[in-house]
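Chain lettering (A, B, C and D) follows the sequence in which the chains are written, and residue indices restart at 1 in each chain.
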Amino acid sequence: MDPTDSRRSAAGTVAGPPRGILRLSHVDVSVTDLDLSTAYYTQVMGMEVTARTGDAVYLRCWDEEDHHSLRLRYAPRVGMDLMSFKVHHADDLADLEQRVSRYGFPVERVSAGESVGQGESIRFSTPSGHVMELVADVEKVGARPRSRIEAGGLEPFPRDHIGPPRMDHTLVTAEEVGEATQFYRDVLGFRITEQLLDGNGHQVGTWMERSHTPHDLAVVKGPNGGLHHFAFWLDDWDEVRDAADVLAHHGIQVDVGPTRHGITRGSTIYFFDPLGTRNEVFTGGYRPDPDFPTLTWTGDNAGRAIFYYEGELNDRFMKVHT
Amino acid sequence: MDPTDSRRSAAGTVAGPPRGILRLSHVDVSVTDLDLSTAYYTQVMGMEVTARTGDAVYLRCWDEEDHHSLRLRYAPRVGMDLMSFKVHHADDLADLEQRVSRYGFPVERVSAGESVGQGESIRFSTPSGHVMELVADVEKVGARPRSRIEAGGLEPFPRDHIGPPRMDHTLVTAEEVGEATQFYRDVLGFRITEQLLDGNGHQVGTWMERSHTPHDLAVVKGPNGGLHHFAFWLDDWDEVRDAADVLAHHGIQVDVGPTRHGITRGSTIYFFDPLGTRNEVFTGGYRPDPDFPTLTWTGDNAGRAIFYYEGELNDRFMKVHT
Amino acid sequence: MDPTDSRRSAAGTVAGPPRGILRLSHVDVSVTDLDLSTAYYTQVMGMEVTARTGDAVYLRCWDEEDHHSLRLRYAPRVGMDLMSFKVHHADDLADLEQRVSRYGFPVERVSAGESVGQGESIRFSTPSGHVMELVADVEKVGARPRSRIEAGGLEPFPRDHIGPPRMDHTLVTAEEVGEATQFYRDVLGFRITEQLLDGNGHQVGTWMERSHTPHDLAVVKGPNGGLHHFAFWLDDWDEVRDAADVLAHHGIQVDVGPTRHGITRGSTIYFFDPLGTRNEVFTGGYRPDPDFPTLTWTGDNAGRAIFYYEGELNDRFMKVHT
Amino acid sequence: MDPTDSRRSAAGTVAGPPRGILRLSHVDVSVTDLDLSTAYYTQVMGMEVTARTGDAVYLRCWDEEDHHSLRLRYAPRVGMDLMSFKVHHADDLADLEQRVSRYGFPVERVSAGESVGQGESIRFSTPSGHVMELVADVEKVGARPRSRIEAGGLEPFPRDHIGPPRMDHTLVTAEEVGEATQFYRDVLGFRITEQLLDGNGHQVGTWMERSHTPHDLAVVKGPNGGLHHFAFWLDDWDEVRDAADVLAHHGIQVDVGPTRHGITRGSTIYFFDPLGTRNEVFTGGYRPDPDFPTLTWTGDNAGRAIFYYEGELNDRFMKVHT
């Protein structure tokens, strides 16, 4: 690397697009019944199947151009295979690979063609015991419509589907939230928007962003490698109610909600897919600009931090994950 | 600059916060009646006065920590003094100063202390005939509340105020939209999210972002130096209706709306402050990630691009600006 | 009639269901293209066809049990054939027939079997030059669902339909609003919820109810026999926006709205079906209990009375009717 | 009573206003701390005090003209003193007095002047063990505003108040729901809109209306004389969320909600005032015309009947009442 290149790069940065991780790309989960799971994510959630292989199904939401934001893979056990984040530039992969390696975690290169719908990626384990993937090039499958109606005009979404425009974030569990968060922040560049501390001032939950949303990734205390939920974006509080109506129509019991989070200020419903993976629909929240300081919640308002109206957590929400 | 610094800088960029312009910081307008204008922006719009000088009043919205997002200055003529954008880092000022200078526009340094509520800034004229300011350090005036209600608890917002959480964007006029846009894009790093082309394929409107919102700055055809409107963010469509109710209560006639834009997909009302500067309240719209291609609208759907429901423009909207 | 019967009847009234006119039953309009009109009311409005005859199509909304709330009849001219109101009891027909006859208008009996989907009815011309029908027995076509979703589950309503739950009211024109209103009030028992007076204190618009809604029938100044619009109920302001999205998707230009009425306080959009009959979607408004006094609007706030946000009327709204 | 009078009366009924019970007039509850209770109903709920006596406070909502819809009375025990319903005409009092007496319940006449803010009334105990009052003449205290904003303009409602426009209904407990319901229906003329049956086909909950709303009065199984809750009307689902925000701001934990009822289809939150009386905010629901059949829910969907999203009841909701 010579000074000229660096200068160009620096200049390009100030007046160019951001670098590094852009957003959650896709969540890959294992399911014990691929047909049932696919039926749920298409007919209840309203996603579209973009590809099928022998043991896997790939789905996207109506306002996503990228190949998929969810992969379902048949396996005898329900769990998360990996969480994949998209980076802005192919160059960012090499930079981030170097940073992860230097931190001491081995990084695997996955060649273009090995993964359906996307180009070269890197994969590594994180201190929270999850497999993380970073990818720059993702196949496009059709342009985004101008509106939900335009989407509906091409391929109708009856009102008995939830029909979220896009995947939003994922929340995983880790035994050492502080250590996991340090990795995501210092090595991968996530910014902590909010954190929940226990009585000793230790992090028991952290909410982190790269995409100027309240959170792209969050970590709460629990077993390493666990998936608490992944979340779909909805456009407003009325869509949250509509989603609840759809769930009731399909006989799916809500876990929590409709309610609001103190953390993120967003509105939410939690519920389980038919094989036990927790889903969330989420909307609202403030616009978390990078110059905003991290908001801290402590034990005495922990209940309100999570569920702003109830002011308390329930056991199922704290203990059940996949 | 030596290679070591460059490497650190490059690495810092990939895993660090973004660089360059962050968002609209404040709009400075001149008004012919400072008291009347202040009364409107506090009692109807619901902003808070954070400072007063002999000829100027500084205001912020309830969810803004920065010193002000609007400056009103007495002058015998209504117009825009400047539009100020915030950059991520103090270092970005020097980089952008160099880029603007190289493009051929003189840049003025404004020392810390010269402008109320903020540190050092740079100022320059743009090809669209506007004065633009870039600033990194802005004084904080109180922490953001956890919710609108918390804000209301500290300092009640009666329902007869609109009470937007923050300033959102500004739309200015230029004789040569294409040339102005090229400057904002190539020199300052704005990304074009949507554009409106005339029958010859020339840009007559461009919508540009830096903050991962549908637009921070937009340019439409008109006289150089003109201000079409600046816009406040609202949280959802119900707040748009509430804003219309507030305007009606205060006898303020709407210009256009409530309606939806085709461009940005957002919901909107336009109206004028008592001295004739157009305001907008805006919400919704998609989340415009940097990997989304620019959306292009052409003459045959220009009406729908601007006003999605009406499908046509009215003269007042096209011709009136300050 | 002997005193015993009368006493029973009186007692039954105090503790029984109300008597007289209940609500708008159906609007019968003539159309110059039955296929196009039917396509619009099913595919855009989302109504269901419940019967077809040689020259007519009968439709109902998803939350209506009665046979139809709209009849489309082929004719070389667009207009209103009649407006039909449902009465509570078959006995009410005789009572109202007597009242109308005594007022001086001939009443026609239509036997059961003569009209599709309903039993015996009476018909008469009103001082506003309209044919009015009263009917007690209407055929039921399927039970009301427990929710929109349940309705959607039985027969999906894609999001590209408006899908109102029911017909709400009709607004007709009359040369002498005061005279027409007196008939509707004194002879048929409508209660005036709001009225708009001209500079001489004469009624130029009256809003009347029987069903405890802001209006079942309204009359505004215009030619005798004219139909200004009929209106469908929506459940909230978000459905009003969704309706506007649907209209835009189908290329149907709005006439006015989304906006709010001062009169009724309701939210609204006006637009035209493909053959030129004005439709409205309407929601909100207060609950107009019978002990509320009539609200009066006068010339200086007439604009606001009709369109609360715009504060003014447009020519098209005032002059175009069928 | 001679036949002539009867005929006039019958004719008047067909074309006149309805007779009998109109709506819930006011709920009178006893509280153990009048100041605390008043502070809550004014500052959190946003009601207005219209009168005070030595041991009682009278309050109304912003869109009510009648003197009060809630009376708080100091007593060493929390409970319901009575529920008062308004009748259409003074004559109705005598008719209903006769019907109640004939049923076997003694009726007390309360002279004008004995009760604050209202004229003559009748009172009696009901089979459910509650004191019921019927009243025709209620003092008006100021005209209804044209809009919430107009109300706010006269007397601002900050966003930290819920600010319901009016009282909506009350739900009481009875050991024999069927017997109580029979009285309310056959003697007082309530219409059953929905009912919940146990495994033996016995009513365990009934929802009844007089005012063309989903319910003015409901009875569920529980001790005679108990008050489960009274409910305030809100205008839409967004106001339900705003109410939840207000409750959280004031540290008031929700009991259940925001959620939807299967019965009535309405949206709701339950919570307790500071002395333990359950309140509800309620909106939506269908328009229950008198020609709609009673909807019946049975054991297998009882959970969904009450809480449509959760599909199950919680102990607190079933067992706690005052």
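The definition used in the following text is that a contact is a pair of C-beta atoms (placed from the backbone, for glycine too) under 8 Å apart; a residue touches a chain by one contact, two chains touch by 3 or more.
Not measured: the values here are computed from a predicted model.
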Measuring between mean CA coordinates, which chain is farthest from chain B? D
Computed distance of Cα centres, chain C from chain B, in Å: 45
With centres defined as the mean C-alpha position, give me the chain C-chain D separation in Å. 30
Using CA atom averages as chain centres, what separation in Å is found between chain B and chain D? 49
Two or more other chains are touched by the chain B residues 147, 236-238, 245, 248, 308
Which word fits the touch map of the chains here: line, ring, star, complete or other? complete
Footprint of chain B on chain D - complex, ascending: 147-150, 152-153, 156-160, 163, 236, 238, 245-246, 248-249
Sort out for me which residues of chain A touch chain D in the complex. 237-238, 241, 244-245, 247-248, 251, 253-254, 258-260, 267, 269, 304, 308-312
State the interface residues of chain D toward chain C in the complex, per the touch definition above. 1-3, 6-7, 9-11, 13-20, 22-23, 63, 65, 86, 88, 92, 95-96, 99, 143-144, 146-147, 165-166, 186-189, 191, 211-213, 233, 235-238, 262, 265, 284, 286-287, 289-293, 295, 308
